[in-house]
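The following pair of complexes shares a single chain, chain A, combined with chain B in the former and chain C in the latter.
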Partner chain A sequence: MSSTERELQISPIVQESLVHNSRTLYNLQSITASLFGVSAGILGLESYPGFLFYLVFSLLTAVLFYVLRVAPTSLAAAGGGGKGKSALLDTSRYFRGPFEFWAGGLMNGLAGFILTWTLFYGLVRA
Partner chain B sequence: MAQVPVQTIHRDPQLFYWILFPITIVMILTGVLRHYATVLMASDPKRVDQKTMREQRALLHGINVRGNHHVLSQSSFVTRRDALIAAYESGAYLKDPENRGQPPPNPMSDPNAMEGMMGMMKNQMATIIPNTLIMSWVNAFFSGYVIMKLPFPLTIKFKSMLQAGVATKDMDPRWMSSISWYFLCIFGLQSVFNFLLGSDNAANQMSQQMTQMGPQAGQMFGPGVDPNKQFLAEAENLAVVEHHSVLDGVEQRLLEGIKV
Partner chain C sequence: MTLLSKTLTAFGGILLAHACYSAREHTTLQSLRSAATAALTSSPAAAVSLPVDIIIETIISTFVILLGLVLGTRALRPLEWRVWAGKIEREGEEGFTDGAGAVDKDFMGNPFSVLESRPNFVDIRKQRREFTEWVQKGGTPQGQ
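Take a look at the complex of A and B:
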């Protein structure tokens, strides 16, 4: 019996809440990705600047989401809980893994971004 | 290195109104239609008679006891385990106990199984038919037009895919024809549907295929599975559980948690 398994049994993870959190994050990511595509198209960015724009802004969205929604409660819980592990940028209170939170948006929104980017680039520039 | 001059092609702005917007709007509306068709075609869960339900629930009971044994105390877990194993092995929960040990009936002859397969067929049809129709519609009406320029460069390999039906040798692969706009719509419209229909919509066939890959809950009690064998396997699983409780050593943990 490993200690992590035991830890999970003492304070279990509720699957439904985790799914709800992930879905909320996914909705935010796909909608913002489309909006970034619209702005990149209107600005007329091409090739690398466009993808860089997407990278920077989706990371910025993740950071904003962390600062506004995740950080207040998770830092307070880590500080007051007496666990001694009050790591900054720790999203394990609400999400499955750090990768899903920080980089998941890049994959989820890419197709929507390219679609709206192409559409508005074509409408404005071509 | 010599700069390659940027190709410009003069295109009628009417192309946007008569090709780009119709394809996009039709794609979005098909997605909405597919969502509502799936909602309407979803068959109600069938009524199960009491014996079948008891059989299924008894098996689930065993699985849940095994999975959550750590919230029970030692004595209550042992009591539950013994009762369940005895019932499983005597076949007390079986739907028809006299059929024990006989091979299960052919799944194709079972009307319930046929209904399940019909449901899957209906879902498949709801994806395949609109796609085929729209693709042939785009091919029939809009083939051969160059409508847009991609904002990022591509290698020459993409030319045959993006410029299908446009036989111009030296054109930059960035120029795309109407059929490639259709493909781009297929992949990229999921976020639009998320926005329009809510996140658990059935509008996009990509996401539907994702969910079909996932584990199916109905598979456990599907046709062609011998419930008696399932019960015997579950009894064995229960018998080998090494029980421990979350309350083991809780006093020690509590005392460690108190800081004076």
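Take a look at the complex of A and C:
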């Protein structure tokens, strides 16, 4: 039995919660990516500045989501548990891995971003 | 979605639409002006970038919509089974509501409710003692 398997046996996870949290995050990322595309198109960004804009605002989305949704409960739980480990920026209460939470939105929303980016660039600069 | 998130999103949407319209007007004006100067002086005018106020308005409206959308997301659920079951046990249905206060559709309730209502585990002596106390206190059945 591997170590992750043993870990899952000791502290099992709820599949419904996993699906619910992932879907919540995915919906937010898709809809905000389209929004960022609109903004980038209005600003008239081209090539690298546009992707940089998307990168910055995606990270901002993740930070806002962490501050407003994840941090209040997970920090309170970690403080009450008294485990002593650094709980800041820790999303393990709601998500499987930190990579999925912090960087997953970059891939999820890229197509929607480019779609609305080109659309609004064409609308404004026509 | 709560009222706050809806208000923020709508306000940001109005700002963004206004910024979009302003940018469109600006580019139209620029192209007209450059066409006029080109006709007069036959020297191509340099492309003028967006005014600062439109840029600021776009970025601020994006941020406001983003804030509204993040505030409008549904509450997350704990991943580990023990944390999740403890939350259900402590908070009940109140812990699994969306922003408007309605209980989520897929809220299943206590996962151990089957165990807790087993008839084998009913304390019949305790119930009998409670009944005797009730009779001794002069509890009157409905028939009398």
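Everything below uses one rule, namely that the second predicted complex is superposed on the first by the 113 of 126 C-alpha atoms of A that agree within 3 Å, B and C clash if a C-alpha of one lies under 4 Å from a C-alpha of the other, contacts with A are read in each partner's own complex, and residues count from 1 in each chain.
Going forward, a contact is a pair of C-beta atoms (placed from the backbone, for glycine too) under 8 Å apart; a residue touches a chain by one contact, two chains touch by 3 or more.
Computed from a predicted structure; not experimentally measured.
Following the overlay on chain A, a side-by-side fit with no clash is recorded for the pair chain B and chain C. Residue contacts after overlaying the shared chain place A:E46 against chain B, while chain C stays out of touching range. By the touch criterion stated above, A:L115 is placed in contact with chain B alone, chain C being left untouched. In the overlay built on the shared chain, the residue A:Y94 is in contact with chain C alone; chain B does not reach it.
In the superposition on chain A, A:Y54 contacts neither chain B nor chain C.
Rounded to the nearest 10, the angle at the Cα centre of chain A between chain B and chain C in the chain-A superposition is 90°. After overlaying the two complexes on the shared chain, residue contacts for A:W102 are found with neither chain B nor chain C.
In the superposition on chain A, contact of A:L123 is made with both chain B and chain C.
Of the two partner chains placed by superposition, only chain C is touched by A:F36; chain B is not.
After superposing the two complexes on their shared chain, the closest approach between C-alpha atoms of chain B and chain C is 11 Å.
Residues 27, 31, 123, 125 of chain A contact both chain B in one complex and chain C in the other.
The touching residues of chain C, counted against chain A in their complex, run 16, 19-20, 23-24, 27, 49-50, 54-55, 58-59, 61-63, 65-67, 69-71, 73-84, 106, 108. Of all the residues in chain A, the ones that touch chain C in their complex are 11-14, 16-18, 20-21, 24, 27-28, 31-32, 35-36, 38-39, 42-44, 57, 60-61, 64-65, 68-70, 73, 77, 92-96, 120, 123-125.
Residue ranges on chain B touching chain A, taken from their complex, read 11, 16, 20, 24, 70, 147-153, 176, 184-185, 187-192, 194-195, 199-200, 244, 246, 257, 259. Listing the residues of chain A that touch chain B in their complex gives 1, 9-10, 23, 26-27, 30-31, 33-34, 40-41, 45-48, 50-51, 82, 109, 111-119, 121-123, 125-126.
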